[in-house]
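Below is the structure I would like to discuss, written out as structure tokens.
Chain IDs A, B, C and D follow the sequence of writing; residue 1 opens each chain.
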């Protein structure tokens, strides 16, 4: 059994890792790290785990943890993983970091968009961007995985095939994204109260959201040239789910079949990516509770644009599920072990 | 592999059976019955099943079905199962009926509360009321299972230990229940539209709801005397979940420890029933997506009453999950096979 | 114009007072008291008021306020109003207290259920319990109004006619209440986050909720004998609304018409109380955004009980609207001035 | 008093007209037209109106109606108003059509996007597009008002000043819109059930939504050249509200102050349009229950684009409120009579 430690086990991504590992045949969580709930029973903090998890929350201690587990998931705010990781730790244990610390290769870009100083720039080059469907081979041999952001995973996977094949103008991409509220975390803040979120939709972080450079960097690798985008996230009164509606100018006239062939080329064999039938739009409800990403596209001949759409569960494929998928790759397991849940509806 | 046929596979309980069987190691659905969607791909009706279920919906045909499957789940309106079942069919196949047709032993009571004539009264005596935790042994040898109602399961399991032990006045029981909207089914009706349900709570069926006699009958068996209750269901703007708050007069003074011991006596070894810690109230979110029932109680010395509470997922323990649990018992499998899902939060 | 000051103007009840007074012909708010937002523009805290209210939030200062306004609304936590009010202040200004400080006549009861020491017991006798439909005449001449609780208003008005007429057993009353989340206030607490409240229902404060003695006291006055109840509040994933489902044993057999006549006797001429037609259950959506209370009842001959139901908007008739109604009475205005809003649906 | 007749009084827009007129000093509804509920009490269909509206629903009869009322609101599906209006009727009564029948000047465009034949092309030229803030003077003298669509009003008002001033490339505009579910109407359809809408977001009508040509036509008038857009609507799990996030390429470098001055030029004196402070994004909750539109913009120097945002209540400024605003203009009343409601929060 792979021994798993989680730092940040009492956030929404943390509890989702716990839930997924519970259903994983070859891994078990042995360290429930949580500064806020030290010594409390995990099953009292998250009562869905009552009588299922019998363990107390532990304070952070990465050195000790590195001695006891095979893989550490850091589901923590930006900066924490970067401040704790060392060469010694990386020699002992795999790290899958769900924060942004190692996602962006250019330190200056990271520091500009996140507004904090990077504590471990020496590991940035080594870190592998854990978008499994694209970087599968690199993930397999890594010590340190930068698990992609939720908006990012959905945005990149929706656009990737067309960026890669050079079908769209890399300066024309606009990503309008919508997220459920679990993406805002479990912090006790007025804007996240039920009465503030419910019966409301709003854009936020317009032109300044931190996932922007991450999407741009990865799409630039795909396109082989610089991609600059507009990225606008919105908060939706639902718990889970991200929907991406992306727009780009087509470089030339294309047919549905041509574009469809491109999506199939990249995703036809992917277990977790479902290219929908013609004219069917992705909806978050159809992926909720699963590691699937549903994608599709629509060509608009009137405007010469293509609309690319994607939907995923932000806590699973957008966080914990992808982290487990990375773990599976790191340890040579079936990539979908523990992740075969069928989406739950309604 | 156990071959499963579902009549009513495109209702909310139906799709939940499909989802659970997908994750069951020893059963597979081979017949997706749905009058409304004949010849349509199941994965187009419920897109969560897209690329997971590759089958078309079939019209009802119980005789043919009986030849092809090992067990039939009827997730259909009242009256249908009763109108289709025959001795010949029962000799070929197990039937788990999710409707109310065989739940009530007294035909007159059934016909009065449901307002329809019973088509197969000859099978009522034989049918086993499939509340597994209480009728486990009877279920094992049955041909025909009357799968309990959602409100009923939650109400009975919350009250059962105290009724059984004679601690509460059987004429004093009041059950105030609250249900998510999936309990209202998938019919296209104005009262179930989003804008009619959302931001609203209402009681309905006050003094006349059909689950009343079912709860009374089962609690009467437990108490060994006639139980008459008030049962008031409410519609809550959420998708899943039933919460029961039940009140009864205590026959004598009791302590927390005494009552706790009684709950533990009946439920201490039950996998799916979790008796919560002192003063912790059941909440639907902590059981959502699972077959668990969370129960607890609170003694009120001021009024001499006890408040008994329970929470479950109406589509799982209140319908599809319990049906699969019954299937497991019928076929001699582990009772929790395919039902070990951890509740999903948030 | 009546000059209004609000202490606690940035809570949910506070902003609702502001909204209602905006639409009131003879009153205007001139003091927006808020410790947490001192010097911030009120229209920046609550952007619904942007360009409508042009004023800054001010710190609490009851003496100064008493010199400048005609009436003070205290929409604050328990204990604050009691700690600030003095004879001198009451000689200058009317006070309508939305907290519980002056609702309960027996100090010991207050201190037991609220767990704090009362700071101004000398004013308790004088304070008038501002349930307008019942205490209208007393309200008119008062200096200090104890504005009733939200659960309380709904519970009392649902039960009052039958308690008053002695039709129900005063020891048999059970009040099962359901509230929208705005009742939990605007404090930044994890249990009130969207992802914790949404898709969930729970009971809380079982046998211990502070509105219990308030309901008991008022119903005891009505019944002319001691009333002891069970009161169980529940949190519902919606913003506004309280629904009460109350149960009591009938002392004798009664017909629908007899009970209906009793409700009509007390409420037939009340503008804000709507007794619904036979068999129609109150629903919170039909009163949302208004000062109405919808009530009805159902007799259950099988159990000898009556089910009494009521619905109101917790922020209006359950708080701010009733406070304005009290203000209207205090200043000799039309009782429904500023309160004629039609419920908003959907 | 202006006598008002409504055809389609039992849809969501219809009941909102009724509610607004209830609070209007100089108008009253005397005809509640509803094919589906003929002879039923209006207050039984919409119980918010119980004891407020005392009238029965009547069948459609435009001739009779024209004799009895001063203004007819048609809140009906596309095609109905066009099939009923005649010269004789228009000589007797003002018509405010909430459907799309007279919004689009080019019949072929109407017939192509709506897929039905226009029944009264002879009145299209005469009809005035009732976007009050832009066509105020034309509205005043009209007989027939084409009341704008909900998405359309929000989209146009967000973009209008910059289109009018020629600051943006008219071929680069992308409108990504999000709507509450009341916009989908009150028809009993499975996709609008609570369990299908809740906890979900989806795009629909991608590249084909009928509001597209309406937005294009009006923005083309403003820009003085042809505007072609991408318009993508999304369904959000909330009852009311439309949020528009629109993107366009700036023709030249501009500063915040320059753009702000343009918005102020057009909207500075408008009662119902609130240009928000710098960096504040519109949110639907802050306009809910009111006729306000909140707009703002953000310049993105990195991409050379401007993001224009708007929020309104789809049933008020997006339908019934704008219709009443048009009525006020038609009859020479204060434009905001009956429409001064402050947004209701939470």
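Just so we're on the same page, a residue touches a chain if its C-beta (ideal position, glycine included) is under 8 Å from a C-beta of that chain, and two chains touch if they have at least 3 such contacts.
By chain, UniProt protein names: A, B, C, D = N-acetyl-gamma-glutamyl-phosphate reductase.
Since we're looking at a predicted model, the values are computed, not measured.
Novice: Which pair, A-C or B-C, has more C-beta contacts?
Specialist: The comparison resolves to B-C.
Novice: Matching over half of the contact pairs by residue number, can you pick out the copy of the C-D interface from A-B, B-D or A-D?
Specialist: Repeat interface, by the over-half criterion: A-B.
Novice: In whole angstrom, what separates the CA-based centres of chain A and chain B?
Specialist: From the centre of chain A to the centre of chain B is 37 Å.
Novice: For chain B and chain C, what's the span in angstrom between their mean Cα positions?
Specialist: Chain centroid spacing, chain B to chain C, equals 38 Å.
Novice: Please report how many Å separate the Cα centroid of chain A from that of chain C, as a whole number.
Specialist: So the centroids are 46 Å from each other.
Novice: Residues of chain D that touch two or more other chains: which are they?
Specialist: 12, 182, 195-196, 198-199, 237-240, 283, 285, 288, 346
Novice: State the interface residues of chain B toward chain A in the complex, per the touch definition above.
Specialist: Residues 12, 15, 19, 22-23, 44, 46-52, 182, 199, 239-240, 274, 276-277, 280, 283, 285-290, 294, 315, 340-346.
Novice: Given the complex with chain D, which residues does chain B contribute to the contact?
Specialist: Contacts found on chain B: 12, 181-182, 186, 188-190, 192-199, 237-239.
Novice: Note which residues of chain B are touching chain C in the complex, please.
Specialist: 171, 174, 176, 178, 180, 195-196, 198-204, 206-207, 228-230, 232, 234, 236-241, 243, 245, 247, 281-285, 288, 298-300, 302-303, 305, 307, 309, 311, 346
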